[in-house]
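The structure that follows is given in the form of structure tokens.
We call the chains A, B, C and D, going by the order they appear; numbering starts again at 1 in every chain.
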Amino acid sequence: MNYWLRCAISALLLSAQLALAALAAASDLPTVFPPNVKIVHFSSASLGDERTMLVMLPLDYDTSVSRYPTLYLLHGYDADITDWARGTNLSAYATRHHLIIVTPDASRSWYVNSVGNPKAKFDDYIVKDVIEYMDAHFRTIPEPFARAIAGVSMGGFGAMLLGLEHHDMFAAIGSFSGALAAAHHEPPPLPANATEADRKAREENLALAGPFGSKEHMDRDPFELAARIPVEEVPMLFIVCGGEDGNAEDTHAFLALLAKRRIPYEYREISPRGHDWRIWNEEIPVFLDKLDHLDGFGSALPERNPEHHTP
Amino acid sequence: MNYWLRCAISALLLSAQLALAALAAASDLPTVFPPNVKIVHFSSASLGDERTMLVMLPLDYDTSVSRYPTLYLLHGYDADITDWARGTNLSAYATRHHLIIVTPDASRSWYVNSVGNPKAKFDDYIVKDVIEYMDAHFRTIPEPFARAIAGVSMGGFGAMLLGLEHHDMFAAIGSFSGALAAAHHEPPPLPANATEADRKAREENLALAGPFGSKEHMDRDPFELAARIPVEEVPMLFIVCGGEDGNAEDTHAFLALLAKRRIPYEYREISPRGHDWRIWNEEIPVFLDKLDHLDGFGSALPERNPEHHTP
Amino acid sequence: MNYWLRCAISALLLSAQLALAALAAASDLPTVFPPNVKIVHFSSASLGDERTMLVMLPLDYDTSVSRYPTLYLLHGYDADITDWARGTNLSAYATRHHLIIVTPDASRSWYVNSVGNPKAKFDDYIVKDVIEYMDAHFRTIPEPFARAIAGVSMGGFGAMLLGLEHHDMFAAIGSFSGALAAAHHEPPPLPANATEADRKAREENLALAGPFGSKEHMDRDPFELAARIPVEEVPMLFIVCGGEDGNAEDTHAFLALLAKRRIPYEYREISPRGHDWRIWNEEIPVFLDKLDHLDGFGSALPERNPEHHTP
Amino acid sequence: MNYWLRCAISALLLSAQLALAALAAASDLPTVFPPNVKIVHFSSASLGDERTMLVMLPLDYDTSVSRYPTLYLLHGYDADITDWARGTNLSAYATRHHLIIVTPDASRSWYVNSVGNPKAKFDDYIVKDVIEYMDAHFRTIPEPFARAIAGVSMGGFGAMLLGLEHHDMFAAIGSFSGALAAAHHEPPPLPANATEADRKAREENLALAGPFGSKEHMDRDPFELAARIPVEEVPMLFIVCGGEDGNAEDTHAFLALLAKRRIPYEYREISPRGHDWRIWNEEIPVFLDKLDHLDGFGSALPERNPEHHTP
């Protein structure tokens, strides 16, 4: 497991200092965007807070008469809402795939409803507030068959967690180097000489997901969800990991669990690739191509369904 | 590990009954072929025996003035030389990729030079007899940069073994659900109440690869070869396994070994897929597309050298 | 070594008169540019100074929804930010290769952080200020796999130095007649009858890179960096030199060092070609074609993603 | 210098056992050829012997009304007349470039007229017997502007030697990893304890090129010829070497000599590449493309000169 991710997961399991503060003002974003990328500020009831997200629209959105499928794309731990859009050619893909792509801000929440902090309901935030806002304010096709969720690293964990938990809401789940086992391994007991900081970190960990082995904790573990979901209800699964990524071993274990239950998936492992945008940039177009083969996606692509073409 | 393969590996590790008999006469082949597929009988010096192989030629071979790269495609345990050509659209791919594809017969040899049976030198048979015959009798480009080896199941083991051992002879190795660990796990000790048949099987196992842990045995284990080959000399590696295939776990271990040494590879795991032609038929075209990006392959592709076309 | 470059290197090794003054006002540029070339003034924190650079954008930048890979192209010693754009058809190539090309001003700095002059941190200026400014203000793909650095003469030295030192930031390095050994040969001892001017020049040399043989000096020598960089982390290397160029002999020595370590590279030497724009104009399109084969480049090329085109 | 080549050059400089025996019968050739490749047996007056060569004709030779430029392509030391045709797609290139390509047999002669063996006039054999035979028996354009010579390893030495010596006969010279300095370095004195075999080898060396430093020896050294040839009479020079090839250092010295005299050339060095067909297969098409730009070559290429097209 590489250092960055160890940091990230340590933060989850040991210290769990939830950075709930929303992104700074849009003018502080570290890049510029083409006109099809909207910076959306909205109020999240679940968090009781103002949040920000990027919405990438097909270039002809303003002049077309179509509705569009939607992909919710979750960021990683030390990341922000612009990471996916900067590390890949995402805004161009929204146009190419006739797709609305949303990258919501979730701080370092691990996308769970915190057990101990009633204001940190990030699960609800994504599947209720963000999706409802999008379906209300943009011409989405607001149906499960036209909605996908994916993410990178902590966001891959989040996509797998939310996608399996709310499997009736999504047609597909994508995990890009996801920290799929972030909630699956029991943290070691505190040593006798644990410091006050150690005890505090452990408490915060308990606050996030509850005691290891408890129902609350298991409900936040994609391994547990994958073991109990009815096989025929699993969304399409697309899983990617670099061979040198510290998550590769846990990912293999997750695949074995899926395979044991005959849950369909496609997995790609390339090496040498680490935990960075090189592999995510390579594989996100592959995921989008696969999405296009689902009933609710790719419907407007001229070269595939010429009679569906929107003016 | 699925049952078929357990049979196969049991046969290796426990009984190792080498079926050295060559294929029956060509007229006994269980199918018919288009005119670009040749059934070749030739004499193998290493085996002291007459053997048979299929040679798939580009459709314009007889009228073209080109030489072609060559792919040696190895069959599985309970299989014959027609399996690849029947389970996939292989003869069409030879034309599409301007490639000569060879499927030699190797019985149930596991593609090794038997330690105990001097007449069963199947490693030599492939890398000496088959390749020399092809280079002498067909318009191959008889150079390492234009030669690849791949196989399925026992043949995936064989391709990885021969490809790593003779890495200066091949530009690429493909393992399709290869039994990569067939020689990697120590067989359990014979129980006190072992039967005469059990003892005989163990003896035959020793005949094939020698005592577990001996130099001879390790020289026949792709894990050992992957651990010692100089990284910069590894051919391109393309590895495929079905999620439900009994080889998946061992394959994950093999990937971890490759990644630890920073050996480049691409791995694809799809599920639900077992140990059968559905996944091999899906993935062989992907492998052939990747081959085309190597220097010595795809050279005759019309879109690259348009003026290369012969009338 | 031809006279021009001897002047340049003499300036480094003997007199090292750093011309830190920024370019004159844009209106003073010695040419005119098409609309896709922007003249950018910005403030460099590393230099504590206002600097200028040219930014060449693909022609459809304003209407497209894509992000673009970026090439940082460094000028030579007696040169300015317009040299590359005047000596080659650079602004047309930005459009052809769907690439953002940046030519920053670096005076006669040799692109190093001066050991003796804390205000002359030109290494930081390029890899921090220039790149951060570009990534914040233009639609770059701000990732190593989509970023290249190249340069001519003193700029070839700079590209090799910065590219090897910060190898985790760049996918490719191009050296066009680079003065690769500018910091590699020990200056001869001052003669007994050295003048005051000679002593002053030697002092200024020491100010730039520190005493020959010191750690500071070696950290500014591409030969030293090439000898110590992990082989698998070297960016793609493209090296060009004219046969009559005074740098040819040193370039051969650099190649020998690369080859000894099995570091991949491609080298082209044409003759009769001197240290001028004839060869740089011939070879920059070859370098851009090679860039297009890297993962992060050429992604928007119409022939690869035909549906990618924006109206 | 790699081992093979050291052997080769040792054989020249120390033992020089000339294997003058011609190739065995054509039926013994280690491969098969398409119909545009002719195996030609003819009698060499210079050698007083029957020799063999391959002649590759454009596919439409028998039905066209054109004459064709000719490339003489020389083999290496431990090689035969089929090496170029097997290691590359040479017979296809004859058609693509509307070119006649000839690969004559020259044993291990180093392509020189032996000083000590009057029957081993391999220089005369190539430039008189082979060329005269070709011009008399095939529809060549029998003029210097439509004739090129190239070779690999010992054949690169031979091409450079014959091409510079008989510069009025060739429009271009290609050296692929040529052992250009094979006759340029003085052999070390025989040690006091030299064996009889050592003395015999030295004698044979003297037989081949005469005493080092003698006029005969210098006349067989491409460095000497390059130093004295009138610059304006040098054929087009295309030189290739792998970075890991033992010939790289000597090749750099040869380039420096050419550049010093302002002799035009193009040089390509790729790494990691050794002394084998990978780089020769990559670069021979580049050389053939360059030939096409000469006045006497490429005249029949439809896409370049449509009005020259032969039916």
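Just so we're on the same page, a contact is a pair of C-beta atoms (placed from the backbone, for glycine too) under 8 Å apart; a residue touches a chain by one contact, two chains touch by 3 or more.
Remember, predicted model here, so these are calculated numbers, not experimental data.
Asks: In the touch network of chains, how many steps separate chain B from chain D on the shortest route?
Replies: Step count on the best path from chain B to chain D: 1.
Asks: On a CA-centroid basis, which chain has its centre farthest from chain A's?
Replies: It is D whose centre lies farthest from that of chain A.
Asks: Count the residue numbers both chain C and chain D use at their shared interface, divide by all numbers used there, and answer same if that is over half, different if under half.
Replies: Mostly the same residues.
Asks: Taking each chain's centre as the mean position of its Cα atoms, how many Å separate chain A from chain C?
Replies: 39
Asks: Please work out the Cα centroid separation of chain A and chain D, and write it as a whole number of Å.
Replies: Here the centre of chain D sits 62 Å away from the centre of chain A.
Asks: Where does chain D touch two or more other chains at once, residue-wise?
Replies: Residues 272 of chain D touch two or more partner chains.
Asks: Give every residue of chain C touching chain A within the complex, in rising order.
Replies: 64-67, 135-146, 232, 295-296, 299-300, 305, 307-308, 310-311
Asks: Where on chain D does chain C make contact in their complex?
Replies: Against chain C, the touching part of chain D is residues 243-244, 248-249, 252, 255-256, 258-259, 262-272.
Asks: Enumerate the contact residues on chain D facing chain B in the complex.
Replies: Residues 30-37, 59-60, 85-92, 94-96, 272, 276-278, 281-282, 301-303 of chain D touch chain B in their complex.
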